[in-house]
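Each of the two complexes below includes subunit A, the first together with subunit B, the second together with subunit C.
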Partner chain A sequence: MILLLKNKVISQNLICLIILVFFFQGKIFSQQINGLNLGASPESYSAASDGELYPILSSAEAEREGGLKDNLLSTGNRLKFADYLFQQEDYLRALNEYREFLRYEDNDSVRYRLAESFFRIGRFNEAADNFKGLFFGSDLSDEAILGFYKSSFFKGNYKEFRELTATPIYMPDKYVTEINRLYFISHFMDNTLPYDTAKLFTAFPDSNRQEVKNFYRSRKFSEYKSPVTAALLSVAIPGLGKVYAGEVGDGITSFITTGLLVFLSVNNFDHDHNFRGWLFAGMAALSYGGTIYGSAASAQIYNAGIKFNLDNEIKLYFEKRNYFLPKLEF
Partner chain B sequence: MKRFFSTYLLFALSLSIYAQDNLSIQFDYANTLYKTGQYFDAITEFKRLLFFSPQKKYSYDANILIGKCYKAGAKFDDAIKYFSVAELNTNSAEQKIEAKFQIVRANILRRTTNRALEILNELEKEISQKQLLDSVNYWKGWSYIFADNWKEASAAFGKIKSNHELKKLCDQIENDKVSVTFTKVISYILPGSGQIYTGNILPGLMSFGWNILGGYLTVNSFVEDRVFDGAVIGSLIWLRFYRGNIQGAENSAIQKNIDISNKALRFLQFEYKGAKP
Partner chain C sequence: MRTIAVILLLFPYLIFSQTDWVKWEAKQISYEQKREIIPSSSANGLGTKLASGLQKVYKFFISDLDGDNCPFYPSCSTFFVESVNETGLIKGSLMFADRFIRDLNFFKGSNDYPKHVSGKYYDPAYNYTLISQKIKYFTGDSVVKE
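So, the complex of A and B:
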């Protein structure tokens, strides 16, 4: 080094070189860091959700953060990658990429796909919020309003959903039939079907109307068993309540068991075996009480079974038909 | 001129040291995320790399690492999918075998033991090197462990080395386990003894007591010529306790064996230092 420094020309070259190397090194590394830190963190989701939705960066910020325009994280590449993830049904990652894209460029179609990604992973609140952002001044406003209503529907609070549909100001002409149909489906889902069925049945296509009518009848006039009646029947004849609730085998067994224990008790008392008499009397009382309680419980189980099966049947029917919602291409 | 040339030369050399194409930077970044346990982000970055890598240079490595990330997140179906894609993009026989072993390991964790064994049997036919055959037997052993078949596991580890540490463990577990059939048989002979044998002393003694009482009442009724009483008490009380004693003994033996297996699995999970699925 000392020898080198003695040579003035070489030392000048060396200084130039060091400056250049540090300059370019810094640039390359900053490109790496800037480029690679663009992946969104879970914290940034919430930050964006709480405040303004996906604010677009100023050109200076974009230049600072984006750095390389042709790298893997350029906005164009991000969008291509996000669409690929969306097609692969990797919606969680797709929405992350769409969100990052929207920091640099505004695009209604991307906003729509972002909301749709939230919807498809079951984050209905965020989906509804993002659909809401496209209500006004967008070519996709009708689709966004439909998206908003379907997100509200799938949240599962059907009463709140019906209240929302009562605000006609938001109703898009293009999809009013679909939203109206969702309104009636919500009645099927939470078993609050109206008695006036004129509007209800006409909301569904002709090909499905008969099935919907059948569901309506099953929902409205299901043959439930009364737990009180079941208990009273078992008070009269042990086990009869269980037979009424559909458990014939259990009913007969209860009848025989209770009858046998009563007989044993009486028989023992007759033969002056008082201890055994009381023992069997106690057992007979337990069996009798148990049969009465069991009959009421059987009726409740029977009713729960009917409700559960019908709920499932209705849900599967509408799910299979995608709740009669149109399949949108975007 | 001379000064300019020397400066340019040194500068060009320095750039060649640091220059790295975007794809390799991306791979390194994704790999760093994987190594630091940020599996979700690592998968995203590996997928980005694959999407923008037209020459499929990173197909094998990226797919294997995506599979490992999914495996770390217990998403075994996805892990197997990506390991299988990696297997289709291998550049050498070693990579193909490695991908197959990864598929086997994910199958072991997914408890699809038959599929794991099927792949291992196929591998066994294909390879001849001792080291690889040892690996096949090692993962066969693990497959059997996860299927709670410690005897077969011991046999598989024994093929690697007669005193393999996992063979010793499997043998010990097999010895510690109680026979469900034996427990039931002794309960048939002496009610309550099965539960006592499996370590449940109090329930065993209670079961013994109930059976003595039921037996006494039944026999006493017959002795006093109350045949109907005897038949009813025998069938409703004694037989109920007798059958309960056998079922209790069986459940007790099954539960004891589950406890022994779980203890061994906990040891393997937290304390065993060798390769794990």
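So, the complex of A and C:
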């Protein structure tokens, strides 16, 4: 017991000692920090230690601070900051900085980056407009035209995009292949593939041609189920159309339900229960009609599923390859 | 023989019984029962009015007592009203009959229905109107918040 008490006293003393050490260390550390604060002079430090929150800057220091402030908002610094934001993929803030920069200085490269920022945050209309501004009298004219077509493509209105590509005056010599390829990709995207495949396949690089051919085959000759066939199959045998549309469980359930209701109807008529006979006959008719209708609907949903999956697969394929667009350094 | 029968009975009991060796945890459960949005009948929709009336009768006499048992969202009765509202009484009745049969299917888990946030199978009426433009396809592993 004495030992325990002794230990307790020792431990309490130790804790007090540790607290005291930390307290004094903290005081010394804060003094050091205050001394180093913004490289303040001893006079200003003494003023600060007298209770003032901030040290008073001497006239030379104030001048230096003011100069730094001016420099921070200079066009050069703003451009550096904008480029930094662009590299950090913070395009929304980057484009604001680019805009501010363009208020004071005109620079094609910055205007291109502004348009590119709009493109990368999905504001394709504004991106296209900004790319348009670089069409004439700029070193980046070809790149801007490619950017314009790219923005039009990503708007998602592929028909409009194809109409645009039909306007040859815009077409830059440098990127004809890329724009031509986008034209064919747009056909893949909205499932309006042409039958003439000679030009279509040659637009893609050799290494990807086979995959593009496979997509073409899948698009053109998808294994869709005919809703009419599904309905007719269910007319012949209730539920068979559902099996054809891939819903085997529903098909079997339809067959059993319709069969059971017909049996109940016939059985009740046989036993002179006419009301029940008609009741079950009505239910059987509803079940039969519902099965035929449902078979056609199931075939349609099956087709929607095939289309959805293929659309996704194609989109992912081209997205992964950046739609075969060149990576531009600017 | 009796021993085998006892083992056969005990085996599923042991499988599905509460396990003590799994750490218990507090679950966030909401007992709030949200009402389904029933489509309002249009001015000319006599069929919708009839379907809504039938649904109200069904809800009052059966559903409110029996509980929320339909594995689908929207429930079969709401699906009936929605389908009649979208397509008319005859086509809507056929859609309902089809849905009812799908509800009877014991193996509907294999149908790859998307899930609704309520945990039910999501199966809206607009997918069965036979108008392909209206179909909204969701993959089986998606969760719909409509």
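Some notes on this structure:
To be clear about the criterion, the second predicted complex is superposed on the first by the 260 of 330 C-alpha atoms of A that agree within 3 Å, B and C clash if a C-alpha of one lies under 4 Å from a C-alpha of the other, contacts with A are read in each partner's own complex, and residues count from 1 in each chain.
As a working rule, a contact is a pair of C-beta atoms (placed from the backbone, for glycine too) under 8 Å apart; a residue touches a chain by one contact, two chains touch by 3 or more.
Just so you know, these numbers come straight off a predicted model, no measurement behind them.
In the superposition on chain A, contact of A:G289 is made with subunit C only, not with subunit B.
When both complexes are overlaid on chain A, the residue A:N71 reaches subunit B alone and has no touch with subunit C. In the superposition on chain A, A:L260 makes contact with subunit B only, while subunit C stays out of contact range. Shared-chain residue A:Y84: touches subunit B; no touch with subunit C.
Set against each other, subunit B and subunit C differ in how many residues of subunit A they touch, and the higher count belongs to B.
Shared-chain residue A:F308: touches subunit C; no touch with subunit B.
Only residues 9-10, 12-13, 16-17, 20-21, 24-25, 28, 32, 35-36, 39, 68, 71-72, 77, 80-81, 84-85, 90, 93, 96, 260, 264, 267-268, 276 of subunit A touch subunit B when the two sit together in their complex.
The part of subunit B that touches subunit A in the complex is made up of residues 2-3, 6-7, 10-11, 14-15, 18-20, 22-23, 25-26, 29, 41, 43-45, 47-49, 51-52, 228-229, 232. Across the complex, subunit C meets subunit A through its residues 91, 93-102, 104-108, 110-111, 127-128, 130, 132, 135, 137, 139. Residues 227, 247, 249-250, 252-254, 257, 286-287, 289-291, 293-294, 296-297, 300-301, 303-305, 307-308 of subunit A are the ones touching subunit C in the complex.
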